[in-house]
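Two complexes come next, and they have one chain in common, subunit A, joined by subunit B in the first and subunit C in the second.
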Partner chain A sequence: MIAVEHLVKRFAGVTAVNDISFTVEKGEILGFLGPNGAGKTTTMRVLACFFPPSSGRVSVGGLDVIHHSMDVRRIVGYMPESVPLYPDMRVDEYLRYRARLKGVTWKDQKRRIDEVLSRCDLHDVRRRIVGQLSKGFRQRVGLAESMVNDPALLILDEPTIGLDPNQIRHVRDVVKDLGHDHTVILSTHILPEVEMTCSRVVVIHRGRIAAADSMENFRRGAMAGGRIRAEIRGPAGAVREALAALPDVSAVRAEPNGDYQSYVIEYKGGQDLREPVFAAAARNQWGLRELRFEKKTLEDVFVSITAREE
Partner chain B sequence: MEASSSAAAVAAAPAFASNPARARAGTFGSVVGSFFRQLLTLTWRELTAYFFSPMAYVILTPLLLFTGYIFFISFREASQQAGALEMRHFISLFNFLGMFVAPLLTMRLLAEEKKSGTFEMLVTAPVSDVGIVLSKYIASVLLWIFFLLPGAVYVWILKKFGANPEYGSILCNYVGLILLVGVFLAEGILFSAFTGNQIVAGISSFIALFLLYLVGYVKPNSNWAGVDWNEVFKFMSLFNHYQNFEKGVYDTRDIVYFASLIVFFLFLAVKVVESRRWR
Partner chain C sequence: MTAILAREIGESLRSRWFLLVTGVFCTLALGVSYLSWSGADALGFAGFSRTVASLLNLMLLFVPLLALLVGALGISGEREDGTLGYVLAQPIGRGAVYLGKLLGQGASLGGAVALGLGLVGLVIGRQAGAEGAGAFAVLAVDALLLGAASLAIGVFVSVCAGSRLAALVFALVLWVLFAFVLDFVTVGLVIAGWTNPGGLFLASLANPVACAKVLCLLALNSKLEVLGPAGIHAVKTFGSAGAAALLAGALCAWTVLPAWIGWRRFRRMDVR
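Showing the complex of A and B:
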């Protein structure tokens, strides 16, 4: 569906995207992960034909984004991060306008608009003026707009930013539902979001691909492991030694906390280290009053990915 | 490279046979047809936007009040002096007012889209840059013509009170007026394309219009390089090309002058819109 080969995008003096290659198959939901300014939006804008690549080849559905720009735009639905809408139009007016612009035939317009209205749960606000809608509704109108011509590829730039948890869940469901018969690319800097919706992950860092894999491999690789917090009362040196001896442990930090010591145990690998920690404490008769597993955050994943590279 | 990319396109085509937009693209006729359909959609959106926002009313109201008052005064004066009120003097009032109205009509057109980000939505839709600029231009010209329509009332009043308006000449005046302000509007769209700030777009396009107006008063009295520079500056001034229309004469030179300026400004505006591709 998408083939990106050695994509480079330069702006006056700045290289926003530097030699990126990846492919996306039909029906996949690809998560674009990266900190702000990593080049996610730039890559998406190239795919949406907002501007052409400085060099490299990018094709969508076998069509080159430079030579067949119009044809690519017909099969792509794009929602920019800021979800720009015309505030003076009504929801259904806006959708009809965009449907016409995207070449939906007169015959299909009503059916298509009804479908996206119900998909995004917008029927109640269809006659409301866009400028008076809340952020969550505007986001959904933007999502409905991007789907109005039933595009083969959907590009969503930060689709859940600024939404409340309920709305996030709703958008996530819509995207998952779309994945059955569409290809979706979405960017985010929230790790659990990718984990829940995407089938593939591309991590971009400073304009380069830092990691690209299927979700399962990503989960097993970069996201595996984590951090355990434990508060243990015992001889500091011996405790630290015992903890460091546990399998896959990469670092142990300690901080005094009254009678106790707060330990942070970083480890790689898939298994849960809480029981071995408990066993070690029990064996040595050390007091244990807290034992907590913390999932890796996006920051940790980045650190581990970029550290591995350098 | 070229051959392989088109082969890929052919191979991919059946996959999108279910997509009506993709299936319809292809023949020359359907491409032209879809261009005009889109132009209509875009123009309609621009026109309705003028009336959804208070813009159209805010400009139209003082324009009508002011010109109505001027008409009333000159009508009274003419009747007191038993002279005939000439419609052309009244109409030529509008070409000066157009210099203020045109930047107000056009400053929003592209600047606002850029500022609010809807520009990104517009250019990632399957719409050509020419279509975007042209639709905005057509909408602004149609709005200007709409502003002029109430002028028909004055012609009717003149007729009612016994004057004998020359319809052909009046029409010629209006054609000239629409062409002249048509240039103002094209120039305004160019300035609106440059910036994301409406106020900057409006003021700079007004200043440029004012310079085009002043150029008619430049008289260097020089014969440098065997050219009468007074004539050159006179030719460059927009308003001098309006004078023949005022007399009721259609002169091809004036029509070509206005039309080429309109095309020139719109062409530049399209290039500025395109510039995101190579910047």
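Showing the complex of A and C:
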């Protein structure tokens, strides 16, 4: 559905995106992650034909974004981070206007508008003035607008920003539902959202791709392993040495905690290390007060990738 | 393009500037007409001929100010709000967006001026008779031509300005220049002894407000003394009809050229 090859985008001497390549298959939900200013929005805007690439080749649905820009725009729905709306228009009036701009025929306009109003739970506010809506409703109007022409590709830049937890859950369900018959690119800082929704993840940092893989491979690889928190009373040096000697342990950090020391044991691999830690404490007759396993999250992976890049 | 055009008209109605402009224009015009006799110890609506002469000065100030502001705030405002980039990312060409905005603003402005003058015309016609209605129609056409030229200049300013505020300031500076400064400069040159009528006529063509003023005076009163040296030179050189056609052509050029240069810039404009 999307093929990005060696994309570079420069603005007045600043390189926002620097030689990135990735593909997205039809029907995939791609999580687009990265710190602020990493180049996510620029990449998404090139895909949405907001501006052309400085160099490289970008195609959507087999159509080049420069040579077939109008055709690409017809099959892309883009929701920017801050949805720029006309505050003096009514919700349904705004959606009708955008549907006309997107080339939705008169015959289909009412049906499409009704459908997106239902999907985004906006029926109750359809006659309200956009400028009088809360931030959450305005985000949903932006989401509805991006879907009004039933595009094959949806590009959503922080769609849940400013929403309350119920609204976030609702949007997440909408995105999941859209993934059945659409290709979706989802940029967000809420990483659990990506874990729950996306089938693939691309991490972009300083204009370059820092990591890209399927969610499944992320779980098996970068997110495999975990960390164990243990409170142990014993000679600090000996405890640390014993914990570091356990299989697959990559780091041991210690902090004093009264008579005890709090240890954080990071390790790779699939096994649970709580039992070996308990055995080491029992064998050496050290006091053991707490033993807790923490699964590695996408957030840990994100932080480690972007910190490594720093 | 029709979607953009319809939105522009809809917005002018929703924001109520259309009604405000019509109302203010009507009130001022009727006030001018009503007070026209006050110097003669009488009150009541004056006929078309007397009203047009008084209304001309009002129109020459009011219409370019309004049109410059409407034009200048359109594209610059949408660019600042982020809505322009969002519109340009839709499957619609830049030409359609530009033309849609220009025509939509033109239709709103033309509608407000035509409605305002139309209502005034109706009131005066009922109260004071139809004599001189032709002169009033000339004034209306002149107002529309001047409005179109000022709007096109405003749109050009809007495309060039980096922000809404810059566009607003630039539009106001141009209004002061066209409505006052260039006139003062011309008068100053005459006082200083520069009395080349051909040069003065060319200077009039370089100012859309002066073009509209001489054009209207030419149509209202063919007596040479009211036209000033530039008008006299134009009538003597090209004849009344020729001078009127030249001035109307200049106003059309003031519409087409800024709109075209604005389009050339808009086509390449970087909108993020």
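Keep in mind that, in the parts below, the second predicted complex is superposed on the first by the 286 of 310 C-alpha atoms of A that agree within 3 Å, B and C clash if a C-alpha of one lies under 4 Å from a C-alpha of the other, contacts with A are read in each partner's own complex, and residues count from 1 in each chain.
By our rule, a contact is a pair of C-beta atoms (placed from the backbone, for glycine too) under 8 Å apart; a residue touches a chain by one contact, two chains touch by 3 or more.
Remember, predicted model here, so these are calculated numbers, not experimental data.
Engineer: Clash or fit: how do subunit B and subunit C relate after the overlay on subunit A?
Structural biologist: clash
Engineer: Looking at the overlay, what does A:Ala152 touch: subunit B (first), subunit C (second), both, or neither?
Structural biologist: The first partner, subunit B, only.
Engineer: Looking at the overlay, what does A:Pro80 touch: subunit B (first), subunit C (second), both, or neither?
Structural biologist: Touch partners of A:Pro80: subunit B and subunit C.
Engineer: Can you tell me whether subunit B or subunit C touches more residues on subunit A?
Structural biologist: Answer, by number of touched residues of subunit A: B.
Engineer: In the superposed arrangement, which partner chain does A:Thr105 touch: subunit B (first), subunit C (second), both, or neither?
Structural biologist: first
Engineer: Per the contact definition in the header, classify A:Met70: touching subunit B only (first), subunit C only (second), both, or neither.
Structural biologist: both
Engineer: After superposition on the shared chain, which partner residues are touched by A:Ala48: those of subunit B (first), subunit C (second), both, or neither?
Structural biologist: both
Engineer: Please work out whether A:Gly207 is in contact with subunit B alone, subunit C alone, both, or neither, and reply first, second, both or neither.
Structural biologist: neither
Engineer: According to the stated criteria, A:Tyr97 is in contact with first (subunit B), second (subunit C), both, or neither; which is it?
Structural biologist: A:Tyr97 sits against subunit B and subunit C alike.
Engineer: Touch test for A:Ser59: subunit B only (first), subunit C only (second), both, or neither?
Structural biologist: A:Ser59 contacts subunit B only, not subunit C.
Engineer: Looking at subunit A, which of its residues have contacts with both subunit B and subunit C?
Structural biologist: The answer is residues 11, 45, 48-51, 70-71, 73-74, 78, 80, 82, 84-86, 88-89, 97-98, 100-103 of subunit A.
Engineer: Mind pulling up the subunit A residues that touch subunit B in the complex?
Structural biologist: 11-12, 26, 45, 48-52, 59, 61-64, 67-68, 70-71, 73-76, 78, 80, 82, 84-89, 97-98, 100-105, 108, 145, 149-150, 152
Engineer: If you look only at subunit B, which of its residues touch subunit A in the complex?
Structural biologist: Subunit B residues touching subunit A: 5, 8-9, 11-12, 15-16, 19-22, 24-25, 34, 37-38, 41-42, 45, 49, 52-53, 116-121, 123-128, 276-277, 279.
Engineer: What part of subunit A is in contact with subunit C in the complex they form?
Structural biologist: It comes out as residues 11, 45, 48-51, 70-71, 73-74, 78, 80, 82, 84-86, 88-89, 93, 97-98, 100-103.
Engineer: Would you pull the subunit C residues touching subunit A in the complex into a rising list?
Structural biologist: Interface residues on subunit C, with respect to subunit A: 2-4, 6-7, 10-11, 14-15, 81-83, 85-93, 270-272.
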